[in-house]
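A, B and C are the chain letters, set down in written order, and residue numbers restart from 1 in every chain.
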């Protein structure tokens, strides 16, 4: 506890970095996964290659992916961009399937009713199908957010500063306090992101909160 | 890129006690032992929860909760706390395997539980109505029908274990992670990237082998004719990586 | 014979699912339990093979109290068919059917041979045996469900809404096949449905249950229609009870009129001559089977298939009064067509003659 009190500024700074490194890939991943997920949903033939292909990327261990990133991006090994891109890859891998499942979970009758009312394909997608798929997509996004927070900490082994640095510092000095503080801070951050996504998801799907007349 | 190929192509790196084959063998040994232990705990427990319906809330929360625990931090804590109680190499191996098992159990547990819970209640009812005893219902109907999800849990866990075993090099264990960590220490990017590539390929191969076993073990009658919402739900419950 | 004696099932929380039910399901007959949801029909069924244990009372099968038997042994000797089919998705159709024989310790070859035999028996092609349940239609799956229940040749079968998950056309087909099968095998069957028409069609006797699991009436279908015990049963039976009841009365020798006919392809002039001024003329095909009615005055060419009015139903000689009456009512000429068992025309009958017959023996249906 004492250790935390004397290092509040440092922990706070690392937490902000950690949050940024976790959230940016989440946004990038979502933006990329929606069109890919739509393709996988719309064209059955594409589903298997898309889901399996992104799934293959998902099998690469994070430390390995961080290290291999400079080969693709031409960055330095210490560049936080490696972490951002690698996590974006994981997020896409996780969300493509979720988005496809989410879009498929919208009842066909609803889409046909929309078409019958003369709503065009683009408006139908953004105005009807995507909103109705939000609960499923949000659930996938929550999983991605929580695992992103955990994965970011691994980058400390390469010297990229964030909450994971507390683990490496503590281990090097055989000192538990910073490690415990780091673990708790990571879990708090994961919980906060999880709740934030849940809150946004609820806010944009008010129809789900209305109890059905019993 | 050149550094990577130069390092991989050097025959000296393919022999000796710290050569690539030995590191691969170590990596597979850690992963295999861990997966066996985790399966021995997770599968029966998951089957029990799915069969009896007891402790469902606990399982779901455990899986979600464990996902938020940073792997690396847990590994360091285990070594610092448990390590001093033991002597020699064991001081690192035991806590590392312990952490690997702790991380691998939840996805296996969740897969087995969701698999059994998702069995068509009609099939279960029919099995009972034909006079199968509870263990016969489990062995002849519930487990075979749950196999696709049991495997999906095992494969998630395997990926997790192979990835985390890489991190174990940072607490002075062997395995392919050594190249990543030592390369970093010696500022030898060729070694780091070479090791990273090997780990990535190993992870894919392990997943491929398990996928092959799954293909043989699971009845063709359970092939996904429809893209069911059930597997959709599980895909959100099971996958984890580090 | 299955005998319920004062059987009660009270669930924890005090809901009475079955309240003091006593009835007998005779051997070799189909006893249908029917009633609205919450009447305890499924609970009653599932107490027979002890999937649910009664709170009090006894259930005997052929004089043996089931509570004294080992539940799994008991179940292996009773066929069980449920609504969703409950097929095992991981096993082929043949292996599904062979389940109980294998549980009973038959050797594999004998169990498979038996499964093959049953596949044919329920009207499925042998090559379906190698498929998996998700490759079959709903109707086919239900047939496999029936075959699986019959596999060990149990004397007793329990069927819980086995045909309610398929579409009406397939359902009727399955019902007809089921009756043919039962005529062959003569099992003691307890059959649960919420569909009163199905109950009347299939049951040798029908037990109407009311909410709370008490017996409102137990009777043969004809008697049920003719003489409902109370308003509840009458309401549950629904409309057109008198008419539906005629289905159970065999038509006696009705006064049959010889009908002038022409063959398909006869010329317009011939048709007008044979009709002799009648508005409608009956047309038969080359085998002498009735094909339909034609209006000779409207013919401009020889009688073709497109000229036929096909609305009339055909009753068989010796069929029910309902079929004879319906034939008369549905024919545009109001002359009901009667055919023999080979489908050849016998003659026609008028509604007033059928009605006269019904009035002459008013008690026939009620007896």
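To be clear about the criterion, a contact is a pair of C-beta atoms (placed from the backbone, for glycine too) under 8 Å apart; a residue touches a chain by one contact, two chains touch by 3 or more.
A quick note: this is a predicted structure, and the numbers were derived from the prediction, not measured.
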| task | Among all other chains, pick the one whose mean CA position is farthest from the mean CA position of chain B. | result | C
| Using the mean of all protein Cα atoms as the middle point, what chain has its own Cα mean nearest that point? | B
| said: Averaging over Cα atoms per chain, report the distance between chain A and chain B in Å. | reply: 21
| request: Go ahead and note the Å separation of the Cα centroids belonging to chain A and chain C. | output: 58
| said: Give the list of chain A residues in touch with chain B in this complex. | reply: 47, 56, 58-65, 67-68, 70-71, 77, 90, 94, 97-98, 101, 104-105, 136, 139-140, 143, 146-147, 149-151, 153-154, 156-159, 163-164, 166-168, 170-171, 174, 176, 179-180, 182-183, 186-187, 190-191, 194
| What residues of chain C sit close enough to touch chain B in their complex? | 49, 51, 71-77, 80, 82-92, 99-100, 103, 132-135, 145, 148, 158
| What does chain B use to touch chain A in their complex? | 1, 4, 64, 67-74, 76-77, 79-81, 159, 162-163, 166-167, 170-171, 177, 180-181, 184, 189, 192-193, 195-197, 199-200, 203-204, 207, 227, 229, 232, 235-236, 239-242
| Where on chain B does chain C make contact in their complex? | 120, 122-133, 136, 140-141, 144-145, 147, 218-223, 225
